[in-house]
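Each of the two complexes below includes subunit A, the first together with subunit B, the second together with subunit C.
After this line comes the complex of A and B, so read on.
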């Protein structure tokens, strides 16, 4: 079951009604736990057993770390939890990738070996619930968070169904206090939640799923299309992945909000960023914050005595982003995509360090032409990166990029009205909406006619343009 | 509550290439221009070098504001080198 399944509205309605019936009692936690585990079971039984196992391990480790006074013992507990979470992730997600890498390495060293291919199936939500567990235990270890007192509450946080499949990667410090306090949804919360859900459904069904078949066709064999079509495919995928994933996040935030729980924002108009650093402050915010806090900063701290500080930061950025790429999938194209963003972030850092003093003291105000150039350059890196990210192999990515750069005129030309219209809509939205405003929240404070018009328009768009063929959420496969 | 020493203010401002900024006990890194995740450890390193101290990873990760940084420096110095 996912947010776009036909049975999901029934599941959510039933859960909301039952939550209302048992409100302000200890049963509410168990109801949430039961509902979330039913949601997990509908995806995979193996996945559900893994969620339960990691929740039990991390809850126990959190209590032990808090109780232990010996630093060595605390560290051993931390390492045990990291080994459990990351071991499960490595086994189910990266086993074939790692064995393939070992096989290739042995082959290049003149020792060819046959590598078995095993298919365990990727348990739904594995990349998210393992990261949720890691952040919880690390936060307890560093004293940033008190351990959860009740297993049911912690388990409900980890398996919490709105964020289970594809985030946002909400941390225990944000979610647990809300679950333990049995927060109530006000009428406004319910309305805002519904608005988020509706907006997410429009992004997913009326935009992402409409362009998906055309993007898939172009990426399936880039060698047979001309450069203009390939450019259309790259832009189309940029539109698709944004609307698919931010749509999912909106629906997740909406579901939780209908129950009175506020999940962290995951997207904030990322394509309006004027630098790659700003892009990562606006794209998949909870994941970039996770890598910043649990990978980049510890790396920075551990290597701070390195002789060349600029080189240290650049190397740590490159490594962090390559790992971030690998998190998306067990393929070298993802690693390369991450490394490209890491290199872009390092270049951006070098550039901003050069101009920092002048900018901070107000001696050099950015011109609108400069802002436009920065935005276009950022978009160029992001869209180019999506080609590597989406390509089925590096060979396909190479063909795609070379034909695009050489502006090849041979090959088929295809014009996709869906991609063109979706791109125009997205550009208009990014130009018209202030990138730092949250219009869903603000709309709920407006008058009834404005709200009715906005929600009615979204409903009409969904009915008129919602795709009949629903594509699985892209990020639920990562 | 710790008063932020002039020496600590100076090393932070110099590292971030800022001419002036009001740094108080409760100031968060995110409120200071240029103090982001990319420059965070550079600031911490500059403070370590200025005061001749070494912080543990756990202490650096636990910092929440300038006051915490001042208290950490004070604890390392035993309160001997306050400006």
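After this line comes the complex of A and C, so read on.
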């Protein structure tokens, strides 16, 4: 079951009604737990068992770490939890990739070996609930968070259905207090939740799913298209992945808000960023924060004694982002995509340091033309990165990029009205809407006619342009 | 008024706006607000109807039924539904209990389970669909997809544009162009929903620009998914033929689809699954006359099609006379089974 499944509205309505019936009682936690586990079971039984196992391990470890006074013991508990979470992730997501890498390495060293291919099937939400578990145990270890007192509450947080399949990767410190306090949704919460859900559905069904078939066609065989069509495909995929994933996040935030729970924002107009660093502060915010706090900063601390600080930071950025790429999927194209962003972040850091020095020495600061150039450069890196990210293999990505860079005219040309219209809509939204405002929250404070008109318009767009054939959410496969 | 009251007011006002907007849009671009079943009658008007055509728009674009009725000297009727399949034909067959001959047109496109008629939920009871899905052991995603059509149809009864985005998009574009005094000459109509017309168009797929062909293929791939030929439609076809056999003679026309459709959408395994499905139907319902029109030499050429699956007037001018020839038994080319087609048998 996902947010676009036929049975989801029924599931959500029933859960909201039952939650209303048992509000502010201990039953509420159990109801949420039951609902979330039903949601998990509808996806995969293996996945559900894994969620339960990691929840139990992390809850127990959290209590033990908190109770232990011996630093060595605390560390051992931490390592045990990390081994459990990351081990499960590695086993189910990366086993074939790692074995393949070992096989090719052995082959290049003149020791060819046959590598078995095992198909476990990727349990839904595995990349998200394991990261949720890791952040909880690490936060407890560093004393940033008190461990949960009740297993049911912690388990409900890990399996919480709105964020289970594809995030946001909400931390226990943000969600657990709300679940413990049995927060109750006000009429405003319900309205804002509904608006988020509607906006997410429009992004997903009326934009992402409309461009998906044409983008899929272009990426399926880039060698047969001319450069203009390939450019269209790259831009189309940029539109698709943003609307698909931010649509999912909006729907998740909306579902939770209807139940009174506030999940963190995951997107904030990322394509309006004027630097790659700003892009990552606006794109998949909860994941970039996670990698910053649990990979990059620990790396920085561990290597703080190293010489050449600039080089150290750049290397750490590159490594963090390569791992971030690998998190998206077990393929070298993802690693390369992450490394590209890591390199861009390192360049951006060097450039920022240089311009800061120039500012200090009184030289001219950036002009509006410079801002436009930064925006275009950032977009160029991002869109180019999506080509590598989306390509089915490195060979395909190479063909795609080479034909695009050489501006090949020998190939078929396909103009996709869907991609053109969706791009124009997205550009207009990024230009017209203040990127630092949250209009969904602000709209709920407006007058009744304006709100009714805004929601009615969203509903109309959904009913008129929503695709009837639904494409699975892209990030639920990562 | 309290916050809750205001919220209820806002929700109802927004819904009213959506209702109004979708009805205006539907009227503007010509989306039917009711199921588009019609009734057609061919042949002598002074004779009682003795034959029925069960088929999708492909059957009407391929065969000149008026000529067939005249040549056979019998009145033929049909209940055409655009984009329909055996599941819908089976239900509509009940409207013609008096007929003694049934013509059924099938093709790779019609029998593909994943291609669902937009009006399926209006015509086929959900209980029948559920029974067929269970019997076919359909996987969960297919069951969900089917049930999604029912929920879309229920929604469509209030908001008529739901699930009709292609028609809205292309309809609005054409309206815009006509306001500017231009017309769409070279691009898709986007109509997954084909109008069931007696006249076959003169347009040729071979004249399409590559981009248009690719867009149409992409759109069809998205709507078709992985082809499957052993689900509810397969069961409906067997039931339909059995009932038709109880009523009298049955002729199944196996219609061709274009080469670009076969190459762009299907794989060899799909074609062989289709043939297996036809063989199973043939075994399950003996005594049916099968006329293979998909084996006419060169008939899959793009020049004979007005889109990826519908024959144009050039294609019809080949297929329709050939059908009559084979029906009369002049040239019994490849007819499956041991049944030799003759006009007597058809009658």
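Of note:
We adopt the following convention: the second predicted complex is superposed on the first by the 469 of 478 C-alpha atoms of A that agree within 3 Å, B and C clash if a C-alpha of one lies under 4 Å from a C-alpha of the other, contacts with A are read in each partner's own complex, and residues count from 1 in each chain.
By definition in this document, a contact is a pair of C-beta atoms (placed from the backbone, for glycine too) under 8 Å apart; a residue touches a chain by one contact, two chains touch by 3 or more.
Since the structure is predicted, the reported quantities are computational estimates derived from the model, not experimental observations.
Of the two partner chains placed by superposition, only subunit B is touched by A:296; subunit C is not.
Shared-chain residue A:309: touches subunit B; no touch with subunit C.
In the superposition on chain A, A:464 makes contact with subunit C only, not with subunit B. Of the two partner chains placed around the shared chain by superposition, neither subunit B nor subunit C is touched by A:380. Touch criterion met: A:144 reaches subunit B, while subunit C stays clear of it. The partner of subunit A that touches more of its residues, comparing subunit B with subunit C, is C. By the touch criterion stated above, A:177 is placed in contact with neither subunit B nor subunit C. No residue of subunit A lies in contact with both subunit B in one complex and subunit C in the other. Against subunit C, in their complex, subunit A makes its touches with residues 5-7, 186-188, 190-191, 194, 206, 210, 212-214, 216-217, 229, 412-418, 448-449, 451-453, 455-457, 459-460, 463-471.
Residues 2-4, 6-7, 9-11, 13-18, 21-22, 25, 144, 147-148, 151-152, 155, 159, 161-165, 168-169, 173, 210-211, 214-215, 217-219, 221-223, 225 of subunit C are the ones touching subunit A in the complex. Those residues of subunit A whose C-beta lies close enough to touch subunit B in the complex are 142-144, 277, 292, 296-298, 300-302, 304-305, 309, 313, 317, 349, 356-357, 360-361. Of all residues in subunit B, only 16-19, 33-34, 36-38, 40-42, 44-45, 57-58, 60-62 touch subunit A in the complex they form.
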